[in-house]
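Alright, structures below, take your time with them.
Two complexes are shown next, each including chain A; its partner changes from chain B in the first to chain C in the second.
This part shows the complex of A and B:
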């Protein structure tokens, strides 16, 4: 603390007040309200019925159908994370190696889809593939996740000293050998964060399963939407949200956990 | 005779810029050759073409008689020490060193360990094999990159200014070590540097490069004493230039008249046939000029001048003398016999004919 006083800084602690109020009002408060609601039952009106109950949670957890939906959602997102990595890596690799104007041009091209509203983009995709299949939903998820993956990967790949790869070639390693021994390990952190970002975005994707799933593919988000807006079972919807939230939080943080574990292993080895 | 490395008319053209201009070079087995030159002279480009990291626009590169132009770098059986060391940051020192052995399909852990330990002993790295590159000092990192390159016993070792990131003292000791190491292991090496002292210490032969061309390739002593061109004379060590017109050609010397009308006698050069009226340049090294306080009657090659500056350099003292010849002369005297001349004194510079070397302009 003493140290902080010594260094002069523009950043005044009070500047944080406005964002903090904003977050508390529009994020923390609704979240707690949702936690509260998940422990009561509703019958179509915005008024809790009866007393504190775990009924909403047991209803979800004891029904295999809901588990299947959860599994599908996570599976689709996971697969999309993998596909985005595989598809995004070569693009990011070449983009980060480009120079000057070419690089700016191609970076803009990668980001261009994000400027168009997602519904418009998906209408485009709908003209190409048949709706209501897992393939369609997966394609939509990959389509939406890819630009993020590329942007996240560009940094770490661009940070690799090119002479390190050259050293590998001169040491007798071919392109693929160099890629798996040098390039890939050096971008591991970027890979994990890119994967986690795409995974998290995809689990929360709503428009994609609605538009491309065409009601035939139910994911957690569409299930939630049904419960909240058609059935008005807000208690159950809140419980589903909580379960889903906890699981995705655990999964996305497992990336960091995994990374830390590997770092520790390296450090132990490195004395 | 088969050369370890042969470059035949190797050139590299970037759009409208000629980076390397028809370089020809033969290197014998076990020889250390330096490419010396200022930045942008094409020395690194040439090295990278030999490594296979850049494709030559035209020409032939042969390693042990085998054409290498179409061969990728990883199949050339060479190794390279990079300017920034280019160690693999995610691998330990040991893993860095055995990297080249592993890619050469040596899988036996015992063999790997033996070879790594042997080379680490030689470059004095024992004890740090489990550290990561960023945990090492610059000098240690340099040794790791040296060990990594050497452990594979390559046909050819390439050095790309490997010492430029070390401090001056370490640089001086390391270059001697590198030379000894290369000589004991009998490795053929090419050493790129812009540091003339480094090139003089480390190499058997030095190729001075300028604007993409090799201007001269010869032994270090010869390069210093008999530079072929005025560029080399100015680049390697210090040189005083005397420009003039050939007045007359005598039996074993040439008489030159300088721009200011002074007469200079220069020893004849067997390789140059000069006729009266030709424009010539000759150089003399600062330590070969005698500085006299009094005029010597009847002697040739004496330039009177005024001391403009006296620079104390430790073991020598450098005088900057204005002889009204355009450029000032630099004269180096040993500190112990530097005399009492001070700035503003009038002195006489005496040049011995055999110390004046004719150079191409």
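This part shows the complex of A and C:
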């Protein structure tokens, strides 16, 4: 039986190799080259690299200004994650309880901003808000993150067995105590993953700070852009990218870590 | 209970309002008679739409964007379907490693990939034209989206269709093209639509790899926004909002848009 399957199957090793060569050539190698460049002195585009050095990293890590930029970037995106959760939860809650055509219509309304080019979206915000302030950047981040948050939350909220909530009402709990003690804990996983998604997306947001920051608000991404395309210090740009990559990876994985921690605490309590 | 419901309705309306207000504002300003974008607009004119259809720069950029998007989507769909089929059939131990590699373009922030692309393609000066650089890098960025939708479709596919086809005497290739691929058509189309939107809307890589020859549509729009701020931008934006709404509605009706996420 095994052998027979082998002879007719059309999937062979090329189905792996061709895409693999493609992604290696145009994604993996560029990343490796960036890692490599971050450890050498940069002397110019298409010039031989200088000697091995850690200076690119120490230059970032020893300068308080860069730490401030990093802190601002993380702070802005953390706040946007919280705002998106607060704004998105009620909408997702209601949306996941809808059915048929109304659900289709409202889903389209929520998702429409995501399908409109981001330049157009931010152009709309620019006509309403003055550019170059932290408020403008924050508004842009929340605006871009909100549809994602709603979509992510819809799944877990829709999965709640409604009879659990009904049971809570029958037992005499009011709307708010049902919400905080039944619904919210049941959707904890969705909340964490939604928050982490928006947090990670907005930490790496580039178009928002460029368009709404108007050059006055420097975030990690605009700093990277400056270094790579205006100042042309590719060694330093590579080092910033690496530091930034490590931070974003830690952030995206900290959601799971946090979830595990909560699970352990609950287990210990015996709930 | 009653007032909590009222608060709920008010809050949700506010969120919907916030989500849609910038888009509505853009549409309103497109009919303004002023030379700069102001809200609320003054007067009513269709001249900006007229200019939008006759603006050579924008038309060129639009065509270029569509071209790049089509080429990169084609590449991503072919390669993405191939690797998804391999993932589907393979029991290899290295599978999870490969899965990680192929999904990494969406895990790693695009801006970091963009820096890497900028530095990497500087090595091949003269080998790739600016146009192909964009096509290839966009294809890489789109791959995970195609793989995700196709894999989701393959997971629900019954292998007995293929077995039946082979038992009835079809060659492996005929089975692939006449049985398997038509069965996962929806996943490929969904991935293609999603990838097209990603490629068309791509503003990060293009900012790093821009050249005078490859001013794609988002870049053209960006330069007009920062330089002139005329309602011409609103006119184009209006057209895009309408197009996006139409595509989104069609996708929702035919495939179900929440399945793409």
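Heads up, the rule we're going with is that the second predicted complex is superposed on the first by the 236 of 271 C-alpha atoms of A that agree within 3 Å, B and C clash if a C-alpha of one lies under 4 Å from a C-alpha of the other, contacts with A are read in each partner's own complex, and residues count from 1 in each chain.
The definition used in the following text is that contacts are C-beta pairs under 8 Å (C-beta built on N, C-alpha and C of every residue); 3 or more make two chains touch, one makes a residue touch a chain.
Please read these numbers as outputs of a predicted model, since none were measured by experiment.
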Original post:
So, A:202: does it touch chain B (first), chain C (second), both, or neither?
Top reply: neither
Original post:
Touching A:80, do we find chain B (first), chain C (second), both, or neither?
Top reply: neither
**OP:** Applying the touch criterion given at the start, work out whether A:38 contacts chain B, chain C, both or neither, answering first, second, both or neither.
**Re:** neither
**OP:** With the two complexes superposed on chain A, say which partner A:164 touches: chain B (first), chain C (second), both, or neither.
**Re:** first
Original post:
For A:16, is the partner it touches chain B (first), chain C (second), both, or none of the two (neither)?
Top reply: second
Subject >> Larger contact residue set on chain A - chain B or chain C >> reply: C
Subject >> chain B versus chain C as contact partner of A:185, first or second or both or neither >> reply: first
**OP:** Kindly list the residues of chain A that each of chain B and chain C touches, one partner per complex.
**Re:** none
**OP:** Using the touch definition up top, name the residues of chain C that touch chain A in the complex.
**Re:** 1, 4, 8, 11-12, 15-16, 18-23, 25-26, 29, 37-39, 75, 79-80, 82-83, 85-86, 88-90, 98, 101-102, 104-105, 107-113, 115-123, 125, 136-137, 139-140, 143, 166, 172-173, 175-176, 197, 200-201, 203-204, 207-208, 217-218, 221-222, 225, 233-234, 236-237, 240-241, 244-245, 247-249, 252-253, 257-258, 261
**OP:** Would you pull the chain B residues touching chain A in the complex into a rising list?
**Re:** 51-53, 72-80, 82-84, 86-90, 92, 99-100, 103-104, 130-132, 135, 145, 148, 152, 158
**OP:** Would you pull the chain A residues touching chain C in the complex into a rising list?
**Re:** 8-11, 14-16, 18-20, 22-23, 26-31, 33-34, 37, 45-46, 87-88, 90-91, 94, 104, 107-113, 115-121, 123-128, 143, 146-147, 151-152, 154, 175-176, 200, 203-204, 206-207, 210-211, 221, 224-225, 228-229, 234, 237-238, 241, 244-245, 248-249, 252
Subject >> For the chain A and chain B complex, residues of the former touching the latter >> reply: 161, 163-164, 166-174, 177, 181-182, 185-186, 266, 269-271
